[in-house]
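So the structure is just underneath, and the comments pick up after that.
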């Protein structure tokens, strides 16, 4: 079955080609069927592959040699193992739901743009699958850049709006900055080991060749790549801006694909990270910082999608925290559960936006509970999941990370818990402002409020179910022995790390206390949030102080502009207008001008006077004779000069 | 025999085209001839081993009319052979005054280029080097833009200075050969002292650096690209700049290995500076043609650096990239030409929203642009990946700094796409119509090459393997 | 000091003095006449060196024919002292200085040529300058250049016709 | 010897024919026939056939090399007469005499290719120069022509004076008028010891020949005379005559250079650089094409001096090739220039439209002059550079030379630019079909030599 | 006579000729000065010829024709000078006819 793995990316690729080339000729329903069908087909194959892996274990499926030069062989091959098959399921599964959802959500678009949309979407899935399936870092990089491209295309999908274009560009460029780090890491690996294939790199013989410095640098550089792709500080600002794209795209980017690439990559390279405790600490700190930082911003955002975006950044921070403290399974677990509830949240938000006729400001919503019942229920479930209320999925995964963090250092835990509380707060602020209370929008909007069509609600329901029960694949040891089936499933991937890493185990009682306290705190925060925003009325008052700082996202974009973008722009202008024009080209033209000037001056020697000509001749004769017999010191030095040259 | 035909077909048909006064016929003949050359180039690519042709030429001077077509030459001949029909097709609707002369000169240029890539005799090489230049001089000066005369002249003198210095170098090496011969082998076998190598290196490298061009000898290029008729610009930047790179690999590296080794740092630093510098300038360009020109400088800088890292991976990358850069940049020029022909402006600030009017053009351009930024699965990725790899193995910091150009490339390329194609429809764009069939065909061929080469570059790697082997065996 | 030496110095002084007078005479006719004087002095030297043939030829051809030609031309043009405006003083100075430099350099060279110290020009004796000896050589070994000079005269003749003829 | 005799006789014939025939246009054909006769006579000599057996008493020395140069000079003159013969006829009222003078000049040229002593050198130079003074002043009504003629005469005579002083000093130092004054006779203990007199004489001789070939800083007459002389004669002066000067130069100095040591090279490199500098740089700003060509001929002289600098076999071959290439191209350009109504650069504007054939031929000639490959001029320059490189040790002067060659492109290409890229209606006098064919023949020859110099080079090795 | 005397004399005359050429404006006088230069050369040649004769006879009594070539050279110089003068004067006369001046400083139509 694993042999058929190439079908998984092939279907979306075909979908891309069909929709891309036939976007003018195919009908909308046809486009929808092709687009979604392709991903569904991939999903089916993924399931088969998953089952195959579960019984038969990992394998590598070679396709063709990609680059084969002396000293460097990079095959185009697919890595089929527990980790990739799990991600395959998440991507194709959630991807399919999002495709399905999109068929309805994007129905207002013109035919050709509709086709273009689905083509991009399929390409996105294709790239992500390539990223996951690649059996070496280069193929991973192909997908890595591919998702960057697709995000660019999708964020800028409505290309008439230049703000969206800027957002798209920003996403691509920020990703590229990270990509450079990734690339350098790959170069380093190739330099040291002559290969980039996982099985070779992670083999004991190879690892022995790497010095501690090599590993630290490689992992740090890889992490830079992950920062870009998974929106960690300092490369996170593109992600909230990426909301410019259609909402299902946001779901796809934030939930199933792209942003999880960084997690996947580090999980894939877990052995390297385990061997580089310095980098691990860095990862943990950056992750934690991002988690807190993004959460603070989310507190004061009013755009429904922005809140979710910062929430994603924050959640990604948790995942990195997990990776940083060695809880690889926990991080992957959180990727999975996060995929469920974040997709659900975005799709729910999309449903709301759809109903509100593209109104995204939550201050102008409220009381949508009765108009959008299905959306409301599923959204609430997602909120509970993300907030970490047991027994929803988020609880298990987040708990696993936090516990591991506590084991490493209680400080991690406390800060992480603070973030979790904020998460609970802003999610329920969002929920309350959107669904509870009275409607604050226009009458016109209120009149048109309606529940979304089935194509949109079915994915919501499916995702809601997954959000609720998804956590059950990773029930901690605390509750039941050997109930953490995910950990067992993934064990071969992380076997190397487990062997090296030092293990901190918490006492069961300690764990219980932590769980109890955190759950209680979260519930308290939720109640507080619901209470304080239930009666919310928009008052035009400006925020001030910290609130304003938060509302403006800590002015990070402005900071980047001042510190990096503008100086670069000025430097470029300096190069273009001063160095290039005056210095370099000026020198070249100067030679020409010098010749012209010399010509005008030299011409004057030709005075037309025979007497002058002859005087010069006679003097030249004198000089010649002097040179010859070099009687004079001057002549001697002149001669020396000539000889030297 | 094939190498000889590769030169003589364009040469003879070029002369024949001159004699035709009738414009459609000359155009058609040029196209047919170029396609015939392409077929021949393909035959060469698929034939095994190194192809030779040898005839007496100047026995007195120790120079023979000898041609040699190894993998690198096959590849570059293929590039030359592909680019001409593509250019002719893409510009088929452009009407030129005195079209017979135009197409005649174009074909002569092709003959010169083929000769440069095939010659295995130094004097012959120099001959073709100039033969490729002179038709271009006339092409640019007669059919170019407003400032064509001054700009083309600058270009000509610049490169001419270079080639004269090269001539001095050739003569010097020639005077040191054991058998007083201009043959490639004799040049390879010549033993020079360290100081002599340094002289020879300087003389040759200046010539090649001007041709490539390498910072800071590049200022002829943006002007020349801007002012030339686009068909010529395509050849100039698609194929002609490869002459410099080719020449370094073919002549300089094996001839004066010690000097190459000794100057590697210097050249690489220059190249890397040039990459960043050109990329930054490209960011600030408003003129599409100049933007592409500077982008090309940046790319060439990488290729030059990758030659001088002197490792296998880097060189393989250069090989692939020579071909792929040609394909990509020709594609970009075709788009620039379409825009200029249709809308009468090249200023990005006057454009916008073209994607709404000309979706096909937009898609093809985006693909070309992505290839320009070396996105994986486009052809440029493979080459750049290998070249950066090579550079990295030479010096980590160089690679890291050069890597910034990857980011900058994304910045200016996306800027261009955004300003030209996205946003609201600009005033000048309102009447734009989508691509004509011939342009679509030309661009389509290029795009297919971009993707195929991006996904499956191995045949190209295998093709040029023998050249790389030869260079590293001689070490 | 013997007669030869006295004659030598006398003729030399005459030649140099006359030459300077050629230079500084304002009236072209005077210049011509002074030049004739130089030629006579030089002819005197030839006689001193026992080069009788050349002495005669010099007097007949140079002083006689050529200088008369000059005199004719000068008189034909009716040139006198006033017709030649003064040259720029600086230019004159420059001319004198550069000419003087050349003289100095050459003289200093000759002074350094120690191999000349022992050498003397044979005066009054030695009969190679006699017309018999010269003629023998001219019409045997040097017949080719002798004939070839006819080309020179032909072209000079044509020149005089082409250039001098009034149209 | 054949060539000397026949050319002198042909001069007389032309002179007399002016009296006998009244038909002006006949002269050109007669002259052409005479030149062919001369050519045949010259070639016969190379096979050992003589018109008259003359014992030159070792004053002249004939060798294949010189005879070959004669051939080049005669062919160049033939082409010149065929292309510009009509213009010679139209210059003044004495066409027969002009042709006669041309033959006399050729007589001087042939002497210069075979002299074996300073006497014949002197006579050759004078026989070559005096007719030129006359030809320069041939356009009697034209004040410029008059002025040029007088300037040429005065400066030419002055340089003759210098040359004679040089010869006298050499004679004083070496006791002979032989071609090798600084002979190893003077050697003392293995070290060549040359008398001060000989050396200073050689310097003066060097200077005077530099004057004849217009090497800086003795070039001053060149622009003025070339500019003032009737264009047809400028063409002749700048090509055949100048090349002959170089040939004499080579003959005289090739064997001396070793004896004269390193200082000789310094002096020569000084002259070369000055010549290249003044010729190339000054030409850049000229508005008159004729004057530009005058300066460019100085620049070309700078390149030809390399042959002297190198002083090896390659240089000898090179000077022949250079003479041929340079003469052909210059004669071609001048032939077109004479036909132009306006000698300034602007006068050439748009010539490609009105007279495409002329423009094409001119372009090829100009490309050859600038030394672009595929033209004869390339190989000419190539040989010069190769000779110096082969001689070794002077790469810097070669580099300077090529940089100046790049400058030369500037002014040559200005003419091309004017013809092809600028708008205008260049006016020419009437162009006959024969003229065009002749011009194309010249262009074809240039390209042929440029492609296969072997056709010419093989003769060096017979 | 010591040969140096003759050399100095010739050089002085030669230089006077040169100075004359450089300083005078009248074309005829300039031309005359050139003749002066030629004559000084003639004198020098004759002196040298006698010097070589003296040297040769001192060593070998039979070599009595040594130095003849020097005097013959003088003869040829005179021949050439005569031809040159005829042409030169013709040119000067022609110029005088056209411009009514023989001032070489006015010869500046051709310059730069």
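Each chain carries a letter (A, B, C, D and E) given by its place in the written order, and its residues are counted from 1.
Here is the rule we go by: contacts are C-beta pairs under 8 Å (C-beta built on N, C-alpha and C of every residue); 3 or more make two chains touch, one makes a residue touch a chain.
None of the values given here were measured: they were computed from a predicted structure.
Where touching is counted per the definition, the chains common to chain A and chain B are D.
Least step count on the touch graph, chain A to chain C: 1. Interface comparison, A-E versus D-E: the pair with the greater number of contacting C-beta pairs is D-E. Seen from the Cα centre of chain A, the chain whose own Cα centre is farthest off is C. Summarising the inter-chain layout, the chain whose CA centre lies farthest from the centre of chain B is C. Ranked by how close its mean Cα position lies to the mean of all protein Cα atoms, the top chain is B. A straight line joining the Cα centres of chain A and chain D is 76 Å long. Per-chain Cα centroids separate chain B from chain D by 43 Å. With centres set at the average Cα position, the gap from chain B to chain E is 66 Å. Chain geometry summary: the mean Cα position of chain C and that of chain E are 5 Å apart. The set of chain D residues touching two or more other chains comprises 119, 123, 126, 130, 133-134, 137, 140, 149, 151, 154, 158, 196, 200, 223-224, 410.
Each of residues 3, 7, 14, 17-18, 21-23, 25, 30-31, 48-49, 51, 55, 66, 69, 72, 76, 80, 83-84, 87, 91-92, 94, 104-105, 107, 109-111 in chain E touches at least two other chains. Pairwise chain contacts present here: A-B, A-C, A-D, A-E, B-D, C-D, C-E, D-E [touch as defined].
Across the interface of their complex, chain E is touched by residues 603-604, 606-611, 614-615, 618 of chain A.
Every residue of chain B that touches chain A in the complex is listed here, in rising order: 154, 158, 216, 218-220, 277, 280-281, 283-285, 312-313, 316, 353, 355-356, 359, 370, 375-377, 381-382, 385-386, 388-389, 392-393, 396, 399-400, 403-404, 406-407, 410-411, 414-415, 418, 421-424, 456-458, 461, 465, 468.
Residues 595-596, 598-600, 602-603, 605-606, 608, 610, 612-614, 616-617, 620-621, 624-625, 627-630, 639, 642-643, 645 of chain A are the ones touching chain D in the complex.
Across the complex, chain E meets chain A through its residues 18, 21-23, 25, 30, 104-105, 107-112. Note for the complex: chain A touches chain C at residues 611-612, 615, 618-619, 621-622, 625-626, 629, 631.
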